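Below you'll find the structures, each written out as structure tokens.
Both complexes shown next keep chain A, but they swap its partner, so chain B is in the first and chain C is in the second.
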Partner chain A sequence: MPKSMSVTREAIAGDEADEATAERVAAGQVKELVKQHVKEHVKAGRKVLPIVEGAALVAALAAPLLLQDYLTVFATRVIILALFALSFDLVWGYAGIMSFGQALFFGSAGYGVALLARDLDITNIFLVLPAGTLIGLTFALLLGGFLLLGRHPSSVIFVSLGTLTGSYAADRLARGWYYLGGQNGIPSIAPMTAGGYEFSEGPAFYYLVLGILVVVYLLCRFLVRSQFGLALAGLRENEQRIAFFGYKAQHLKAIIFAIGGAIAGLAGSLYAFHEGFVWPNMVGVVVSTQVVLYVLFGGSGTLIGAVIGTVIVEGVSFWLSDNYRDIWPIILGVLLLLVILFRPLGLISFVLGERERVGSFGAKVKEKQNAAP
Partner chain B sequence: MANAFVAAFEILSFGAIIVLIVLGLGIIASMMGIFNFAQGEFVLLGAYITYLAYANGLPIWAGMIAAPFLVGALGFVLEALIIRRFYAAPIVAMLGTYALGLIIRESVRGLIGGFYLTVPEPIGGSIDIGTMHISAWRFTIIVITLLVMAGCYLLLSRTSFGLRMRATLENPSLARASGISTPLMYGATFAFGSALAGLAGALIVPVFSLYADLGIRFLIQGFVAVMVGGVGSFIGPVAGAGVIGTLSAALPWLMAPVVADVLVFVLAIAFIKLRPQGLIAGKGV
Partner chain C sequence: MPLLEAAGVSKIFGKLTALDGAALTVGENEFHGLIGPNGSGKSTLMKCIAGAEVPTQGRVSFVNTDITAFTPTERARAGMSLKFQITSVLPSLTLYDNILLALQAQSSLLDLVFSRTRGALHDQVMTMLTQFRLADRAFEAAAALSHGQQQWLEIAMALAGKPKLLLLDEPTGGMSLEERRVTGELLQPIKKHCSLVIVEHDLDFIRDICDRLTVLDQGKVLASGTVSEIQANQSVQEIYLRRA
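Right, the complex of A and B next:
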């Protein structure tokens, strides 16, 4: 008994004597553990996204070589819609602004370039695409500025219903306005031109659209990984806290909303020239909700999720619509409900971890520290 | 004079239809905080049930009486299975109910095809006042709307069921502590709102005929009406519906219908922006 007691006492005394050392050791160990933990997770997280993105890019580049001509035309449409989905994902997935009226910017740009082509004979790609982007940007600035800015921050419900109403009202306006072709829209738009070259449906148009998508994707990727993107993610998670940090939350929201509108406008002008016509649904609730479906399926808050969601939804509906035209929308509804209930982060969350979805800001610095010793 | 009277009747009649549709939407959106995108489809189901009764040789009245009960029962089941998971997240609720609505709408579209099916008015003919004729059925809708509105108000303000309902929706934890079964009350409220939508669908189908997109047409107008009226009470949305319905019906008499259509929405959104609490702010009935 006494022996063991003395041992204990000794141990305690030793502990007290070496307390500082022990603490340093322990702290060092913890630090090491944390480093390792971070390293593992960051590494585990960093692996997946570039692989998914690379695979998607390779598949997209190879598609026209493998597909028949009519499928290339279909694939072009899907790529344009993916660009559109990207715009919604930026607004909802990153900034947490529910835009139920994203088609307003998509469709108004489509109508805008259609009018340019019809009334002014302007089809030059270097004029119409910037014009479409500008139209989307302007409308988004106006609507977003009105809905989001103001003395009191607007409620989430108000913004989502406001955008929905805007889209619906634009649909009704397009249907009733004779100058815009009424119910029938504007048919047979002249093809887009670059110098003497005419972009008609096919591989050339496909690669043009794919190139634009890749550039916009990279820009968005840069944007969401920047300080601005970090602030946006903060807005989505806890708007009040971001406001307390001194960010002008409403201004950030209006800016990203406008950027989203610009991308939607770009997509809309491409869509108008690719399809060769525009019609009222393009600004309306149908297309607005369509893009919500793409992003929810794929996974909001990851840019690649929006693209993959578009490809899956459009691909499966193209594939099924021949044989199961009537029940396909019902299946789509059931799948959507299941995704919302059980996979709120979308299909991409099967392969992508939560850490990577949020983004690993500052990970590179930590890795360097690890690499140094 | 006669013309003005007809116009006034048209405006009143359309206003009553919007109020009827918003009653159920308002109870669910305003009191429960769920902006139910499937509400339009509940209206559609009510209309479809009435059509089924008529197509199978039953009296139309039978279908109209059955519709609210069947749709209400469906609402109760859906609340227990799905809607219950959404209370904490209003945006997810919108998306989830949108998916539900999509399923219901496309199922009905599969059943009726892309047709416009007509259901005759149970009370046909017109009421003659001097030289003026007004549709008897539209007049009946106005009367029923007033009765239902008064009934709902009395149910919520005067009965113990209404009191428990309001207690649950305003302060669930206190209501639970007081011995009220809050899950049951949530289910009952959702079922009640759904039943009102079913009734609305059943009553308006003779006026608008049955087609798959019948519900969507009113959904956005309904949401705007709820926001204009003010979220949080029962009478707020009803007042909003009155204003929106009257405006949508009255403005086309004054200007081009296209402009009027859009102007109503622009005015409504501008109004909500300037007065977020709506026409009638605060809790209460």
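Right, the complex of A and C next:
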């Protein structure tokens, strides 16, 4: 055993790229083999990301067929939260804007569509979902305009405290405002409708939100892999540098912040109709923090990481709260800390290399270029 | 009219007067060296020109426009480019994407979202990389480059937007002798379309590539003139001897 061990160690010593691998050898050769396999896979130019995305899609499509009804309802909620996580990932993972108040856009859209249903009897899916998206967009434009569009770049602290304050204030406002139902929020929202059809909890609602998630995911992927995505990468890595190239860095930030707000609004309106009620927590700091955790856990700066993070955090919470009723939040907290300490790029970094994570931009044109003689 | 004219520029940080009425004039297609002992205010003057610092007093004009109050973005759009003293290439991006990022800075938002300018910029990216001897590594991450190569990449990025004036803050810092020689060679061809202001400790390097020099000492201009005038200047020799 010592011989094979030392051979592996030498091989690793020669590999400057991954010092951490050396530690993992002690943990077991199996992991090492997996790692090697992944590496060879990457070296051969094969991409890991499409495989992960494909597997996730297959699993999501099959879920309602395999799960009991009450779990399909739970899975629907998780898919909606994954959509919400995408919005935060765009803003933080891709553009480097620390939004600690993403729930403001999620919750205000939830309240908005709840009011539409309660006061105006508007529940048509083709009206309420665009309305919720628009509410998220508008709030994000207002807050983003204030926080990001100064003459000089605003600091990360300023933006994170500003968004946090916005979310906190909205929470307090909702709690104190009778029209919004105060502490109790707005209960018994009528179901969302399409013509004569009512979307109630279950497989139909599940496939609806899954469809929306897939469409939004693809749009986000198109955006982050475009030349605009390259500008965002520059913004994230060195905002000052790209300003010296002549980029209007603040405008870029405000735009992506608004897009994030719109997606959060879409997610919030689906959430309101799925749960059938909205309450002040939905705009507050707790939900704002939750979405940060999903994305950090799964892997910020990868879209699939945000989705996987949401599924795992929510899934593990669900399971733990069933089996360790009293101490589950502590176990979950420790798990999250471990990931953030040892895998700052999230769980996805176990299979995804740095180069592929960063990726390239506007790639379709490049393929054409290469194809041309 | 000169391309760049800075006059009476002062910069005070609390009790420290970093610049005390410094002036600098750079003509078109001129390579201008900014030299002086440590703490003489070279980098501060450079930053005031680039917009990284706002002068306490004085005026900077560029292509007949007063740009004293311009932000860095506005200066870049007017045709001024800066290479930072500390290398600030984007390490996780490929060399190709680093250059593309610089080249596409003035593309419209829709062009960026639909990746419409990449095809047109491809040849320019490869030309820049070839010019700076980095083409064979185009699709590696910039972090994999040596320090000297990162400096070249950074100069290439600074030149990508076809600036009228390039500001270089210590481009050969940390380079080997051979790398310095190559850097000089790489800079020569840009003279046809671009002026250069260069802050540099390596006096041999600066003598080789510059047309004119300005010597700063304690925030003031001690002398300004052609390389041979400065070499013959008694007081310049004194400050360098005094502090050597």
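In this text, the second predicted complex is superposed on the first by the 314 of 373 C-alpha atoms of A that agree within 3 Å, B and C clash if a C-alpha of one lies under 4 Å from a C-alpha of the other, contacts with A are read in each partner's own complex, and residues count from 1 in each chain.
What we mean here is this: a contact is a pair of C-beta atoms (placed from the backbone, for glycine too) under 8 Å apart; a residue touches a chain by one contact, two chains touch by 3 or more.
Not measured: the values here are computed from a predicted model.
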Touched partner set for A:226, first chain B, second chain C, both or neither: second
Partner chain(s) touched by A:255 [first = chain B, second = chain C, both, neither]: second
Partner chain(s) touched by A:351 [first = chain B, second = chain C, both, neither]: neither
Which superposed partner A:234 touches (first chain B, second chain C, both, neither): second
Chain B versus chain C as contact partner of A:243, first or second or both or neither: second
First (chain B), second (chain C), both or neither touched by A:152: both
Partner chain in contact with A:51 - chain B first, chain C second, else both or neither: neither
Chain B versus chain C as contact partner of A:292, first or second or both or neither: first
Chain B and chain C footprints on chain A, overlapping residues: 152
Touching residues (chain side chain B, partner chain A) in the complex: 35, 82, 85, 90-92, 94-96, 98-100, 102-103, 106-107, 109-110, 216, 220, 223-224, 227, 231, 257-258, 261-262, 265-266, 268-269, 272-273, 276
Of chain A, residues touching chain C in the complex: 151-152, 223, 226-228, 230-231, 233-234, 237-238, 240-249, 255, 354-355, 358, 360-362, 364-366, 368-369
Residue numbers on chain C that touch chain A, as the complex places them: 50, 71-73, 76-77, 81-82, 84, 88, 90-94, 96-97, 100-102, 104-107, 109, 111-119, 122, 139, 141, 157, 160-161
Chain B contact footprint on chain A (complex, rising order): 98, 100, 146-147, 150, 152, 154-158, 160-162, 164-166, 168-169, 172-173, 175-177, 285, 289, 292, 296, 326-327, 329-330, 332-334, 336-337, 340-341, 344
